[in-house]
Amino acid sequence: MKIIIINGPNLNLLGKREPEIYGNQPFESYFEGLKSAFPKDQLQYYQSNVEGELINKLHEVGFDYDGIILNAGGYTHSSVALSDAVAAIKTPVIEVHISNIFAREEFRHVSLLSKHCKGIISGLGLKGYEMAVRYFTGQ
Amino acid sequence: MKIIIINGPNLNLLGKREPEIYGNQPFESYFEGLKSAFPKDQLQYYQSNVEGELINKLHEVGFDYDGIILNAGGYTHSSVALSDAVAAIKTPVIEVHISNIFAREEFRHVSLLSKHCKGIISGLGLKGYEMAVRYFTGQ
Amino acid sequence: MKIIIINGPNLNLLGKREPEIYGNQPFESYFEGLKSAFPKDQLQYYQSNVEGELINKLHEVGFDYDGIILNAGGYTHSSVALSDAVAAIKTPVIEVHISNIFAREEFRHVSLLSKHCKGIISGLGLKGYEMAVRYFTGQ
Amino acid sequence: MKIIIINGPNLNLLGKREPEIYGNQPFESYFEGLKSAFPKDQLQYYQSNVEGELINKLHEVGFDYDGIILNAGGYTHSSVALSDAVAAIKTPVIEVHISNIFAREEFRHVSLLSKHCKGIISGLGLKGYEMAVRYFTGQ
Amino acid sequence: MKIIIINGPNLNLLGKREPEIYGNQPFESYFEGLKSAFPKDQLQYYQSNVEGELINKLHEVGFDYDGIILNAGGYTHSSVALSDAVAAIKTPVIEVHISNIFAREEFRHVSLLSKHCKGIISGLGLKGYEMAVRYFTGQ
Amino acid sequence: MKIIIINGPNLNLLGKREPEIYGNQPFESYFEGLKSAFPKDQLQYYQSNVEGELINKLHEVGFDYDGIILNAGGYTHSSVALSDAVAAIKTPVIEVHISNIFAREEFRHVSLLSKHCKGIISGLGLKGYEMAVRYFTGQ
Amino acid sequence: MKIIIINGPNLNLLGKREPEIYGNQPFESYFEGLKSAFPKDQLQYYQSNVEGELINKLHEVGFDYDGIILNAGGYTHSSVALSDAVAAIKTPVIEVHISNIFAREEFRHVSLLSKHCKGIISGLGLKGYEMAVRYFTGQ
Amino acid sequence: MKIIIINGPNLNLLGKREPEIYGNQPFESYFEGLKSAFPKDQLQYYQSNVEGELINKLHEVGFDYDGIILNAGGYTHSSVALSDAVAAIKTPVIEVHISNIFAREEFRHVSLLSKHCKGIISGLGLKGYEMAVRYFTGQ
Amino acid sequence: MKIIIINGPNLNLLGKREPEIYGNQPFESYFEGLKSAFPKDQLQYYQSNVEGELINKLHEVGFDYDGIILNAGGYTHSSVALSDAVAAIKTPVIEVHISNIFAREEFRHVSLLSKHCKGIISGLGLKGYEMAVRYFTGQ
Amino acid sequence: MKIIIINGPNLNLLGKREPEIYGNQPFESYFEGLKSAFPKDQLQYYQSNVEGELINKLHEVGFDYDGIILNAGGYTHSSVALSDAVAAIKTPVIEVHISNIFAREEFRHVSLLSKHCKGIISGLGLKGYEMAVRYFTGQ
Amino acid sequence: MKIIIINGPNLNLLGKREPEIYGNQPFESYFEGLKSAFPKDQLQYYQSNVEGELINKLHEVGFDYDGIILNAGGYTHSSVALSDAVAAIKTPVIEVHISNIFAREEFRHVSLLSKHCKGIISGLGLKGYEMAVRYFTGQ
Amino acid sequence: MKIIIINGPNLNLLGKREPEIYGNQPFESYFEGLKSAFPKDQLQYYQSNVEGELINKLHEVGFDYDGIILNAGGYTHSSVALSDAVAAIKTPVIEVHISNIFAREEFRHVSLLSKHCKGIISGLGLKGYEMAVRYFTGQ
């Protein structure tokens, strides 16, 4: 299966930024472990801080990949354009958040993306990415 | 590990009620499969339509179980008392919803429970319960 | 025809509570008269102050009775769980209120149940229950 | 008894307009049947699309008729002037809606008239008019 | 005088739950001390986590007791039915909260009960119950 | 000077409708007295329950009269079209209300007309019309 | 093709009213030019300040004309009844506004009609009417 | 008759402050003219920028004067305490505003005082004070 | 112990103002009784209608008194400055209201002070002051 | 004349994305036809998914082109920066939407751009672009 | 240059009140340092807890001083009267806050004064006063 | 000290765009002057219209520079991602606005950035940048 993890703004700082919220493991090292746990599947990873580049990537993969795991960071709560992109593509999307967005500031409680996603996993740390892969691969 | 699944109002109708939203498998038969997939752990299941009985059950298990998986159905969106109960106990709680509550009516987008839960899994069908068990057991 | 009247919280006080709003006839004596007016039909009556017991009763009768007449009292305005129960069953429901809820406090103007009911009768006193029976029986 | 049914805007299209919501019987033919069902009472019918003409009619009949059955259509939700007219007259008014206004768009959930009416019947089709007549005549 | 203290959901955990907010004395032991301080009066205590059972108890005592002291916990902020019950009975009710509900989360600032109560005491710890008894007994 | 008083919906019922709010003098008899108090000026009076007829009248007089005294009744609070008409004409308009609209229901506290009027007089009974005439005539 | 332009309240003042917003050409003279530009089509024009008369006209033409161009003026923002009329008829409607309603007062930003119209043209002056005719005629 | 005009904050700047809104006549000189127009009545004038001093003055005069004319300036829109003072006294109060507060910023459209006043005059310049005196004296 | 009662605007009218809400005993006479009931403690009383003077008094006593009992009247609901003063001082404050502010107008349901106070007593008449003294003195 | 069409996010998917809303013609092929219909004018086309690139393009063309036709897609409803860019440039802008944004989700009813545009055309399909060109060229 | 610093309620407690927010230097000692840093200019300082006295002071200095530096404390967020005073005077005003009001409670994010001020400096400690002086003196 | 000024969207147009609001000096020439005023410090300048590029720049400089001066233009009011970036870095940030954002449109009154910044300077023109540099350098 072809599955891609797309991370949005500030997630490149993982391991460096506010470790009490996000933990201190860089995403790249976590991703290496994840790939080796699913040797039969093609896992990819993409990160950008630019809203339009995230849209470009969704367009690129959204018609033939088997699954998209999207953590859009701060764009989750404000981007109609990203929400439209998720609606426009055909590949199913699972929205993942590392922290429990519902236990943080009120503006983080509303996601513009959720209604076009298959489902949402929030608050279970980096484990949430693995769960989403497992959902797509049926393992 | 001792883990309990607590289902709230109307979830006893699963398999019978609005199958286009909730699927047509009764929860009991799903739960049997789930138990056999985790033979080393003690999995329990409780369901009630009465808000206060759900609170009673949380009090009963909430100080020595290892994990609670809570789908509080309609009480999710209106019960301060249930939210207080989740806050008052010590066992970590994962909130699960079978359907994607963010893709349904607007009043279902607000959960009073989430802020006291470890995390939330929504929209991934009955598979969401298995994911939560897997999170607690580390499998 | 099998028709049930389900009354919610505080309606057991009818005839005793705020008679300037609700009149002073106990519901039981009114119900006796109602039954004798429809001798060919099976009319039943149930009352509970417990939200979950009202849900239980709706589940019990909601798949083979011909009509449900529901006055959910204060739960009308706050219970998502009861609203879900009305949506989940198959028997049509008519919502009845003795007083004109739209002429009272503003929070009574919103009913969470109405959108899943066949119709609503409000403000016509105990006569509203008879009208609802008449609607179901076609008399 | 002298009873009048007053229908507001677009109700002249009944039987022709959106039959999936309003059915396909013209109101005039329904009204003929209704009159013959209450041979001892004087039933009248008036319809206008003009807000001010509805007010004029309420003033005309509102001090000596025994009952008014009012379906103000779209003016229900926006007309303070019509609401004032209902408050200003002496004849009791029952508000009737053919469809269940609470199961439709949100702006139809608020009626400016209800608080000055005796009661409201909504969602029971043309049958609702008959029920209102029956209420006034005590049959 | 016959006075009853009615405690709502989660107050059975007192002494065990979040001691930094609620202190660590179980209510039962506090109540014993309270009874001995008012030897001439009949003091009773009732607790339930079930909304409908609290309503039942209010109905049972609300027509011949001299005073009710009600701490409805989380139901304070969401229960129209409980509010209706307080309005329906004749015995005066004083609303008590152990913590200062106005210094906590915003949804705790609104009480649906207060408008039907004689008064409210909030934030003065268990001492608030004694004050309410003193008010009823005139001591 | 040419001055016209324009009264809107339900004001034809004056003296007959809710006398505790509006007094019991018909407007016509009041107007006769008013005319004789200003013998040198041309005072006219117009009333209609139809929103569009009020607009027609404003267009007719609004470019050469010296003053318009407008009591638009219930349309005050809901009619953008009437508000546009007041803005579109050249004659200055004084808005008059017999009762104190700010001491009544909340929806009466907002006037869509006021911002295009010269001023507003509210709560001073029929005397308010005289004051407005006096303002225009400088007496 | 049979196409009608329906103008609502205050648009009869065009050329006379607030020329800095609406220009100073009377609609009648503009309409003459428009008709001669589309010699093969039947163009009609109707104006009224009365909400109910606009509804009457929509009913009259709405089942056999090929296109309706509607500028409902102030009723655009407040009339549920007019909105219902547009929904009830079969002829497609294009909503036109001479000024850019989105650059004016906030209450003009909401149109109750738009959701039942084919489309909307706003801010392009009288040219907007011609564009709408062109759309219907495919020129 | 004993009548007092009470002016609130910033009204001491009249004639000096924003003359395009408030005109350029100092209030004192206007008041001299007003007194000589009502030679038989006792007219007084008081101004303060201090909210509490306005309350003190209302207490002082509010039980034996015949009329109070109150322009509370900016306190009109924010002072519950002043509103309570108007409610607490016995002398009737007319609220006057020099400018048309409904044609200015939105926060000026809400007056906390109006509901306890006899009436309101707004937008008619200094003439509004004279009108209020005339109302009290019946001239 | 040194305890001060600070009363805000309009409370000097006690016994004279709206006796159906506030009773008819002047505060001074009540205070004499209160002092004699606590002979060992130093009780003081201060009243002002001026917001800033209340702040001055809080600053003066707020660092060495043992308790402050504050009834800020109308300033309770609007004064950020008074709320800041309560937060800035060290002496604990109990907020007292004679009437049940939650059973009155909606704007009285929000207190800006409560979150910085130890607790609140509302609706128990003048008795509330005594209760607060008792709380501080531990009697 | 120099005219540019600027399309925002997801409009590159035209013909591929949700054809029931947007039709199935790629924009490029439509644009070829458009250019040949206006042989005397210079028509250009630009598309980007990146908000900042759209701003860059507006800056580049916004001081010497004759007209800009802007369909900003999802950024229409959320981008203050794009709105500022439209305000900052000199070339007039017409806002075009292919679908009727007022008949879709509520968050699409608000455009941050409209108030700085010359006008808006919505719901008339790709035809809307042609209309806008025609407006600028006066054809 | 003549420049005055005007501090509002509770700022007299500086150095004593909540030092973690406001620091522990009394304003008077800070002000001495400030004056000596600008030997050529006339710097003054005024503080009051009384809203009306702040207004009085603004009136007194607001027509001939060169600059006013205003920290209105809690009145910033609630006083229309003070906002009117700033608008009424001629001397430019810079609003200063010691703490970052936008990082504190939400009600502190809205300043009624800002729109009439030249500018605002917030969160830069006592340094903010110096910056404002520097702005006026051009140093 | 290493200090960087980061300007967001449309600020590249400075000197060219709306000079009545922003003045007519290009930022580059202002920046040259600023650098020469602080010869001992390293001042840098960066501008981009792309939200994600601003985030990239903040990440790049945010862990070793001594100060960041951020004017995020329109992104100030809508970008959660930029706000998160400010929170994620270590270098203190001062938010600067050339115009007084609180005296402009209401949507400009809310900054998502402020709560993570050290402070804010608004309305003092280009001088605000100099003040911020001065704050960091302590001059």
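Read from first to last, the chains carry the letters A, B, C, D, E, F, G, H, I, J, K and L; within each, the first residue is number 1.
The rule is simple: contacts are C-beta pairs under 8 Å (C-beta built on N, C-alpha and C of every residue); 3 or more make two chains touch, one makes a residue touch a chain.
Source: prediction; values computed, not measured.
Chemist: Starting at subunit H, how many touching-chain steps does it take at least to reach subunit K?
Modeler: Shortest path length, in steps: 1.
Chemist: Can you spot which of E-I, G-J or J-L is a repeat of the H-K interface, where more than half the contact pairs line up?
Modeler: Comparing residue numbers across E-I, G-J or J-L, the repeat of H-K turns out to be J-L.
Chemist: Check the residue numbers that subunit E and subunit I use where they touch, and answer same if over half are used by both copies, otherwise different.
Modeler: Counting which numbers both chains contribute, over half are shared, so the two copies meet through the same residues.
Chemist: Roughly how many whole angstrom separate the Cα centroids of subunit B and subunit E?
Modeler: So the centroids are 31 Å from each other.
Chemist: In angstrom, rounded to a whole number, how far apart do the mean CA points of subunit C and subunit F lie?
Modeler: Chain centroid spacing, subunit C to subunit F, equals 47 Å.
Chemist: In subunit E, which residues are in touch with two or more of the other chains?
Modeler: 50-53, 78, in rising order.
Chemist: Tell me, which pairs of chains are in touch?
Modeler: Once each pair is checked, the touching ones are A-B, A-J, A-L, B-C, B-E, C-D, C-E, D-F, D-G, E-I, F-G, F-H, G-J, H-I, H-K, I-K, J-L, K-L.
Chemist: Where on subunit E does subunit I make contact in their complex?
Modeler: 94, 100, 102-103, 109-111, 114-124, 127-128, 131, 134-135
Chemist: Can you check the complex and tell me which residues of subunit D touch subunit F?
Modeler: 50-53, 55-56, 59, 63, 78-85, 87-89
Chemist: Touching residues of subunit A toward subunit L in the complex: what are they?
Modeler: 8-10, 12-13, 16-18, 48-53, 73-78, 107-108
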